[in-house]
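Next come two complexes, and both contain chain A; in the first it sits with chain B, in the second with chain C.
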Partner chain A sequence: MPEIRVVNFSKHFGKVRAVDNVSFDVKDGEFVALLGPSGCGKTTTLLTLAGIYKPTSGEIYFDDQLMNNVPPKYRNISMVFQNYALYPHMTVFENIAFPLKAKKMSKEEIEKKVLEVTKKLMIDKLLDRKPMQISGGQQQRVALARALVKEPAVLLFDEPLSNLDAKLRMMMRAEIKKLQSDLGITSVYVTHDQAEAMTMASRIAVFSMGKLVQYGTPDEIYNEPKNMFVAAFIGNPPMNFMENFKVQSKDGELFATRGDIMVKLPPKAKEVKFEKTEGLVLGFRPEHCKIAKKEVENSIPANVYVLEPLGRDLIVNLKVKGVGGESELIKIFAEPGMNFEIEEKVYIIPDPEKLHLFDPETEETIL
Partner chain B sequence: MLVWSPAGRRGFILRGDKMKFFSGKLKSWLFLSPMLILVTIFFAIPVVLTVILAFTDMDYRFIWNFVGLMNFRDMSTDFLIPKVLLNTLIYTFSTLTLFNVGMALLISLLTTSISDRIGVIFRSLWMLPRLTPSVVYGLLWLWIFDPTKYGLMNNLFALLGLPPQDWLHTHPMMIIVFANGFIGASMGMLIFTAAIKAIPEDYFRAALIDGASWFMIVRKITLPLIKWQILFVTAYQTLSLLASFEYILIITDGGPVYRTEVWALYTYHTAFSSFRFGYGAALSTILVGIGVLSAFIYLKLFGFQALVQKPRIEVD
Partner chain C sequence: MAELRLNFFQRNSSKISQAVMIIILVLITSPILLGYAWLILRSFSVDMVHGFIPTKLTLKNWRFLWQEMKGYPNIWRTFLNTFWIALWVMILEALITSMGGYALSRYDFPGRTSMLRFILVLHAFPSISLMVAIYYVLKVIGLLDNLWGIILLKASLEIPWGTWVMKGFYDGIPWELEWAGLVDGYGRFEVWRKIVIPLVKPGIAVTAIFAFLSGWSEFVFINTFIFSQNAWTLSKYVKGIIGDFRFADYGLLTAVGLFYVIPTIVFFFFVNKYMIKLTIGGVKG
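After this line comes the complex of A and B, so read on.
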C-alpha cells in the first residue's frame, strides 16, 4: 500500500480557488479524514487524488512516484461516492463486477470475487436486483463492495454515509473502520461530520475555504485547536466563546478577567508570550465545565435560559451578561442528577487546564 | 385556480357542486380537450380524408367517384412499385443508420468527451444547414456534385489529375443519402448531447476510477442510459425520412430513371404531376400504414414497457 504525499497542491476553477496551497501526507495503511464545511474543497482534493482533476499547481505523490499526470485507471484506487454512483441499468452483480470486467478478468474469477465480497458485506442475496430496488443502506454496501472487489491500494470516500439515517450511519461507521483496519488499505475519507472524522480517522485534516487549517490526530484537533474555526467546528455542541477578556496577573498567577468575572488560567499560560492582553476571546468546551448553584471563586455568573435533555446528558443553555448589555449564550453539559429552574442564577466553573484564549482579529489560538 | 389545501386528498378549494363537476373522468377530458381538438383538426381529419380519397379515382376534375379497391389492385400491378419500395428501403435505412442516428451518436459521444468549448463550437457548425433554406441547401449539393469541372468534387478530382465525373448519374442514391443525412444528423445530435450531459458526472468518474476505457464507458454506461433517446430519434427519423422528399425533388427529382424515386416522392409525382389524386391517396395510405407498423416494431425491439418507469408519486 502506498504512502500518499500532497505537496503545495492548488486547484483553481477559473477564478474560484477551490483548493489553495495544501500539503499533507497519508501514511501507508493510514485512515485520514478530510473534514470541513460545504464548499471548502474536500471533494476537489479527493478527485485530484483519484486523477479525475489535475492539480493547477503542486504535486501528488504515491510513494515516490509523481502522480499528477497518471490517469485514474493506473492509480490502483477505488472510490465510494456520496450518491453511490451505482449504474442504474445494471444489476447489483453487474455493478460490483464492473471494475473486474474492466480488468478483463475471467468470468469464473469475477464470479468468485463478487460472491466473496458480497458475502462479507451481507448483500449476497441482492445480486439480481437493480439499484433502484434496494434500500439506501443496501446501496451503500453495494458501493462499498464495488470499491473493495478489485482490492485497491488506496480507498477514497466522499461523504459515503451522509445519505443514511443516524442509526445506520453509526453502524456503518464502525463497520467501515473495521474493514479498513483489517484490510490495511490506505484511505482518505471526506466528511463534514466531525463525529465521523473523530471516531474513524487516525488523523484529521481540517479544511476551511480551500485551505488546510490544521492536520493532526483527533486528540490534537480536539485539545489543541489551531484557531477559533477548528475549535468551533469540532465538538458537539461546539466550544463556547466569550469576548473581551483581559489577561491580568495577580499574586504570581494569571487570570482572564472581564468586569467582575475572573477565571484562573492554567500554569502553562505563564510560558505564553502575549502580544496583546486585552480584547481576547475566552473559549471552553461544554464538557469541560461544572455548574455550581452557589457563588465560588473563579466562576462565571449566569442565568439558566433553556434546558436540552438528551436522556443520558443534559445540556444547560445559560445567558451570561455581556459587555455592551446584550448577553452571550453558553452551553454546558450538566452533571447527572442536577436540576435547574429557568432563570435560576448559577455559576460556571471552567476547568482551568482546558481553557483557551484566542485573538479575535486573526482568530489564532494564543493559549 | 386550484389551490392545494392539506385537508384531504381531494381538498381543492373548489367545493360542493363545482367540486363534483371537476372530479373523475370528466376532468381528465376537459384538460385534454385543447390537445384533442388540435390533433383532430391537423392529424385525424387529413388521415381520414386521405383514406377516403384512396377509394376514389379522383383526378384533375376533383370528382368523388368511388371505385372500391381499384387503386390498391392497380398498385399490385404497377411495375414501378417494387423499384420505389426498394429505393425507399435503401434510402431510409442508410440515411438513418449512417447519419441520423449513427453520425449523430458519434458526434455527440465525441464532442461530449472533449473540452466543452470546442464541443459547442463543433456542434453549432453542424447546426448551420438547419438554418439554410431547403432550396439553397439543395442547390449547394447540386453544386458539390456538378458534372462539369466547376463542381466542388470535380474541382478536387482535377487537383488529383482525375477527369470530371457525372456524379448524379453514377451515384444518385449516395448523394441524396448524404444530403439528407448531413442535415438530419443535427436533430439526433442535439437530443443525444442533451441526454449525455444529463447523465450524472459521478457515473463517468466511477467508471474511470474503476479502470474502464472510453469504449467500455460508451458501451456499458452512456449508450444504455440514453437508450430511450436513441429509440425516440430512430422512430421519429424513420417516420420523417419515409415522408420527406423535398431534397430529393430538388437534387435528382427521383432520377435518373427512377433510381432515387422513393415512396413519398412517387406519391407526390402521382398526385401533382399526373394529377391522379385517388391513386396518390392510396399510395399515401400505404405509407401511413408502413409508418405505424415501423413505430410498433421499434417499441417492441427496444422493450418500451421496461423503459417506462412507474411514476414516483401516485396521482389519482
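After this line comes the complex of A and C, so read on.
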C-alpha cells in the first residue's frame, strides 16, 4: 500500500482557485478525512488524487512515484461516489465485475471474487437486479463492493454516506471504518459532516476556501483548533463565542473580563505572549461548561432562552447580555436531571482548562 | 352541517372532461383522418362519386406492383433506392452525431460556444437557398445524378441538428459515471463505448429514426439533382405521376402514395417506444 504525498498542490479553474497551495501526506494504511463546507476544495483534491483532474501546480506522489500525469486506470485506486455512480444499464453483478473485466481476469475468477465481496457486504442476493431496483442503502453497498473487489492500493470516498438516512449513515460509518482497518487500504475520505470525520479518520484535514487550515488527529482538531473556523466547524452544537473580552491579571492569575463578567484562564495562559489584550473572542464548547442556579465565582450570568431536550442530553439555550445591549446566544449541555424555567437566571461556569481565546481580526487561536 | 349535494356535472366531472377532450381531439384530427380514409378508398376504387363514395372496387390501381408501367421505372428498384438513401442517411447521422454530440457535451475546446450557436443558425438556414452552390459542389466531386450525392448532402444537412439533440442526451449523463469508469480501469474511449453509449441509446434511436424518415421523404434534392429514372425514389415517382407531360391518373397516384407511406407507418409502429422517451426527455438513470 502506498503512502500518498501532496506537495504544494493547487488547482485553478479559470480564475477560480479551487485549491490553493495545499500540502499533506497520508501514511501507508491510514484513514484520512478531508473535511470542510461545500466548495472548500476537498472534492477537487480527491478527484486530483484519482487522476481525473490534473494539478495546476504542485505534485502528487504515491510512494516516490510522481503521479501528476498518470491516468486513473494505472493508479490502482477505487472510488466511492456520493451518488454511487452505479452503471444503470448493468446488473449488480456486472457493476461489481466491471473493474475486474478491465484487468482481463478469467470468468471463474471474476465470479469467485464478486461472490466473496458481495457475501461480505450482504448483497449476494441482489446480483441479478439493476441498480434502479434496489434501495439506496443497498446501492451504497454495491458501490462499496465495486470499490473493494479489485483490491485497490488506495480507496477514495467522496461523501459516500450523505445520501443515506441518519440511521443507516451511523451504521455504515462503523462498517466502513471496520472494513478499512481490516483491509488496511490507504484511504482518503471526503465529507462535510464533522461527526463522520471525527469518528472514522485517524487524521483530519480541515479545508476552508481552497486552503488547508489544519491537519491533525481528531483529538488535536477538537482540543486545539487552529482558528475560529475549525473551532466552529467541529462539534455539534459548535463552540460558543463571546466577543470583546479583555485579558487582565489579578493576584498572579490571568482572567478574561467583560464588564462585570470575569472568567479565570488556565495556568498555561501565562506562557502565551499576548499581542493584544483587548477585544478578544472567548470560546468554549457546550460540553465544557456547568450551569449553576446560584451565583458563583468566575461565572457568566445568563437567562434561559429555550430548551432543546434530546432524550439523553438537554441543550439549554441561554442569552447573555452583550456589549451595547445586544445579547449573545450560548448553547450548553446541561447536567442530567436539571430543570429550567424559561427566562430563569442562571450562571455558566466554563471549565478553565478548556477555554479558548481568539483574535477576531485574524481569527487565529491565541489560547 | 348541511349535507353536501353534488349536481350531475360535479359527480361526473372526470368522465365529462374526458368526453370533451375526445370530441376536441376528433375534431382536430378529422381532416387528417378523412384525408387518409379518402386515400385508401380511392386507391381501391375505379372512381368516386360525391367525392367520397367509391363506385366500384378494383385492384387495377395497384398494378404497378406486379407489372412494368410504361414511362415509369420499376417500382421495386425505386423502392430500394428510397430505402438505400434513408438507410445510409440514418447510419451516417447516427455515427457522426453520437460522436459529435459527445465532444460538444464533454470537451472544452476553443470555439465550442460559437460552434454551438452556429449549429442552430445552420439548422435554421433554408437548404433550398443552397441549391446552386450544392449543384456546383456535386458536379465538381462527380456525384451529380448519383444516390451517394443525395445521401452525403442529406446527412450533412441533418447532422448539425442531430448533434445538438445528442449533446442534450449526453448532458443528462452525470460525470460521476464516467469518472467511475476511469477509476475502474478503463480508458476514455472504452468508457464512452461501454458506459456512455448504452445510456444514450434512446437518443441515438431518436436521431436515427428522424434521419431515416427525412431520407425516406426527401424530394427537393432528388427532383433537382437526379436525372436518370434508374435513380428515382418514391417521392420522385409520385411527382412523375402528376408530371407535366401526362394526365394525372388519380387511381395510380393514390395507390403509389399509399405504398409510399406504408413503410413509414410500420416503422413508427416499431420505434414508438423510443419516440415516447424523447418526449419524456433525456435518459433514465
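What we mean here is this: the second predicted complex is superposed on the first by the 367 of 367 C-alpha atoms of A that agree within 3 Å, B and C clash if a C-alpha of one lies under 4 Å from a C-alpha of the other, contacts with A are read in each partner's own complex, and residues count from 1 in each chain.
Just so it is clear, a contact is a pair of C-beta atoms (placed from the backbone, for glycine too) under 8 Å apart; a residue touches a chain by one contact, two chains touch by 3 or more.
Keep in mind it's a predicted model, so treat the numbers as computed, not measured.
For the composite obtained by superposing both complexes on chain A, the positions of chain B and chain C are in clash.
By the touch criterion defined above, A:150 lies against chain B and chain C together after alignment on the C-alpha atoms of chain A. Using the contact criterion defined above for the overlaid structures, shared-chain residue A:102 touches chain B and also reaches chain C.
By the touch criterion defined above, A:89 reaches both chain B and chain C.
By the document's definition of touching, neither partner reaches A:37: not chain B, not chain C. Of the two partner chains placed by superposition, chain B and chain C are both touched by A:47. In the superposition on chain A, the residues of chain A contacted by chain B and by chain C overlap at 47, 50-52, 71-73, 75, 77-79, 81, 83, 85, 87-89, 98-99, 102-103, 146, 150. By the touch rule above, chain A contacts chain C in their complex via residues 47, 50-52, 71-73, 75, 77-79, 81-83, 85, 87-89, 98-99, 102-103, 132, 146, 150, 156.
Residues 47, 50-52, 71-73, 75, 77-79, 81, 83, 85, 87-90, 98-99, 101-103, 146, 150 of chain A touch chain B in their complex. Residues of chain C touching chain A in their complex: 174, 176-177, 179-187, 195, 198-199, 284-285. Taken together, the chain B residues at the contact with chain A in this complex read 200, 202-203, 205-213, 216, 220-221, 224-225, 227.
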